[in-house]
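Below are two complexes that have chain A in common, paired first with chain B and then with chain C.
Let's look at the complex of A and B:
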């Protein structure tokens, strides 16, 4: 029972981590909270759903389509809603408001055009389980966890080993300096948004398979923001650890205490953490700089 | 009578928008959860009049106090001077959701089915509440504190250099805005005579935020006018109800790109007729 709960928690935590990584990536480069991230996740799930139910593709192609689709959407989102603000160096409050506007717009456009119906993905895993030491683990949980960890590891390699990755890290440090060194910052930011969108696409498909696909499913990014704060805003390893910690603790609470209290617990944890560990587990100093 | 009801409802919304205007418009902090304070005001006063028959003139301040206290609970950990304001935006998002879960599961609030309270907010109460809020907001923002808030909005670091305690000033701004939202909630509950947890979610917070942004940050009259339009216009255009929220979202993005100062940014309605009007810096 405990092992089963732990694996479910890790699998949910992996999905939180996928969302938190994309959010953290954008936060570390543009230093604003991208509240449209949830809408991109939701649209990624709808793209995956369309591919799975209309074209009857397998899980691999569905995920790939969703990754590319959500990535492109995320880049378009940046071009339309943030690029103009970014170029005139508007305060981050304006970017946050614009992001919220995008989120409300996209969510309600889906609501107005596709409708508020709950859709389910076709059963990719059925109810197949793996038995380990007397407890049964769902194949979906194990797969989701493995893919999340794999994807985040790949991102880590990309950021630390490639030329573009070095440029991104330089941009996180100082965007103006980075641009003086000959980096095309517009392209750099497009790559960052594509990566964040791609991760949102994977998260959307997994969320859709695990639960349902509906217009307000993006609200679950609340948890991703909390996970990012737990790990330390703007830190990628922090986002991974924060997501896993939050997923496991939440699942433990809903299994052993009460499933109703799950969301209240996450929020209380955020407040407690902000009091005692304001920079998160892996965070650096998070003061506003001059 | 229908028109009068819509106008009174608009007045109730205007009070909440005034509250958010103090926080977002004047202090420059982002909030997606002020509907939670409206909800706390509504439920605190509603539970008092429903379960214990407390008179309205006691329940109303109690709702305001409950909203104010809850703002301290969330404000103190998240607004601490050296933390980024993003923490507040994230925490209040979670706060709104957690509050909704609590309201839906407590027996005191009658859960998701909602609470039927008595219709106690007469037009006099509502107009009195609006006048009270307008006077308080105007005087408060003309005081030393209002100047501090504007300084923080324009440049927190410079404001701190000038000797402003960022944490205290931001917390005070949040407290005042939450109290006004609580007043709006208490009036709303006893006007509609029915409250439900789903009335105080992100959708409602977005509408408040859209009013403040479209009306103009750093203005009192702008958001108030827009709040009136935003409440009464959908009533006239019932057929287009479904497109109201996409329109709000699009409006937020377009305003940020093309006219970040909003309708009356950094100005007041009265100032439009003077030649020596103050034009604020628009970043």
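Let's look at the complex of A and C:
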């Protein structure tokens, strides 16, 4: 029973982590919480769904299409809604409000055009399950977990080992100085949003397969945002750890304490953790986190 | 003047014009009788809501051709409640302001319970369509019947009993587990009624696990249920949660027979749940193959080119017929007289069969329930058996 709980918790946490990365990435560069991230995940899921059901593509191409599509949408979102605010040095609170507006706008646009129906992805993995020491795990979860961890590692390598990655890290430190040193900050920010969008695309496809595709599916990112906060907003390893911690904690509480009291327990722990470590598990000292 | 301002003003003027045009509410015919309809045209229950709106419009046309209510044409005033409690209360207030004589809907128990006091204050009778919770027509605080709340559908204790009886008698279940939505009146009460009835028949409910509304992952709860190896898993939720729970239960290797309630009865249960929901059973208010409703189904198909999404369209038609019959009996459309006539309806012919209202609790007497089996290969709900009300 304990092993099953742990396995389930990790697989839920893997998806939280995947979504949390998007929040952390953008927060690290622009110091605001991009609440439109959930909507981009939702749109990524719809793109994947269209590729899978209309064009009957395989999982690889569906995921690739969704990654590129959501990435481009995320960049457009930044260009339309945040770029002007950013250039005029608006406080990050305003960027966050603009992001909330985008999220509501995108959700309602989907309601108005595609409708409120729920859709399910075709079953790429069938109902195949893997047994590990008496506990069962679906092939989908195993795959999703591996891809989540793999993608986060790849992103980590990109940020630490490439020239663009170094530019991003420099931007995180000091955007003004960075631009004085000849870095094209608009391009740098576009790359960051593309990466966040790409992660949203992967997350959207996995969420769509695991659950359903519908206009408000992005709300599940509330949990991912909390995971990002637990890990320390702006920190990539933090997002991973935060996601896994939250997933496992929730599952443990609902198994051993009570499923009804699950959120009471997990959120009490969240508040306690933040009192003890205000910047999350891996966060740096910062002043204005909105 | 600032360049931007040049555009702002005309836009503002347009916005005002629009606000003005749409604020007056729907235009009405000379001396039409207005009946309110609070229904989920968007949101999670929109499939039923839209079909319900179609069925009501279809019947209104017929009534109007035959002279309407007391010689006046019927006009439906319809607002979308998005299957949301706050929105339902707003809609109820708007309908009261629109001077409707009665209201059809809402369809969900929680939303109906929220709506009831608003319409009661305005003395407007409300006939909910598929809200099966007992406390829709009974005030939970005073345990007295609400004078302005009625319904054409059976109630949850009956539905819970039918489910438990079927589990014990037909599925030979000894151990049952329940997975329900703690944020929904519907789920909370049904799990209690099922528990009571199943235990009374000698069964044992080994686990009652809950999740919060809008939550998507039940594996933690299901993992616990798996350890207790129940024979049946009762899931009193809507089709969306049921499909998810079924998939996740099968992923975890739970072999129990899945048993559901009338909210499962949507065609997309099969689209969403796939193989995982195959062979599950659920209680429903009506069946497409029920001979009593054959005529209605045929008529709906000709008019809209698709099957009605049961049971809401039928229950909404029943509600409309109840209003028309009550007005006829009362010879008036005033709230108090109409409510009194509604409470004393006897043996009237409705779409689902015949209907008699029990004046003591405003529930219909002897409503039947059907058990359906999910057949994924045929993409259909197969009729299993019919229980007559007690």
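Here are a few things to note about the model shown:
Rule of thumb we're sticking to: the second predicted complex is superposed on the first by the 274 of 290 C-alpha atoms of A that agree within 3 Å, B and C clash if a C-alpha of one lies under 4 Å from a C-alpha of the other, contacts with A are read in each partner's own complex, and residues count from 1 in each chain.
Definition applied: a residue touches a chain if its C-beta (ideal position, glycine included) is under 8 Å from a C-beta of that chain, and two chains touch if they have at least 3 such contacts.
In this text the structure is predicted, and so the values were computed from the model without any measurement.
By the document's definition of touching, both partners, chain B and chain C, reach A:219.
Of the two partner chains, neither chain B nor chain C is touched by A:58.
Contacts of A:150 after superposition: neither chain B nor chain C is touched. Legend: residue contacts after superposition of the two complexes on their common chain; A:260 is shown touching both chain B and chain C. Judged by the touch definition given at the top, the superposed model places A:250 against chain C, while chain B stays out of reach.
Taking chain B and chain C in turn and counting the residues of chain A each one touches, the greater count comes from B. With both structures placed on the common chain, the touch criterion links A:278 to chain B but leaves chain C unconnected. Under the contact criterion defined above, the residues of chain A that touch both chain B in one complex and chain C in the other are 111, 219, 260, 263. Listing the residues of chain B that touch chain A in their complex gives 24, 28-30, 32, 73-74, 77-78, 80, 82-87, 89-91, 93-95, 97-98, 101-102, 105, 156-157, 202, 206, 209, 213, 242-243, 245-246, 248-253, 256-257, 260, 283. On chain A, the positions that touch chain C within their shared complex are 1, 4-5, 8-9, 12, 111, 115-120, 123, 127, 129, 136, 138, 140-141, 210-212, 219-220, 250-251, 254-255, 259-260, 262-263. For chain C in complex with chain A, the residues that touch the partner chain are 42-44, 46-47, 182, 209-212, 214, 216-217, 219-221, 223-224, 226-227, 240, 243-244, 250-253, 268, 271-276. Chain A meets chain B in the complex at residues 27, 32-33, 35, 80-81, 84-85, 88-98, 100-109, 111-112, 219, 222, 225-226, 229, 233, 260-261, 263-264, 266-268, 270-271, 274-275, 278, 286-288, 290.
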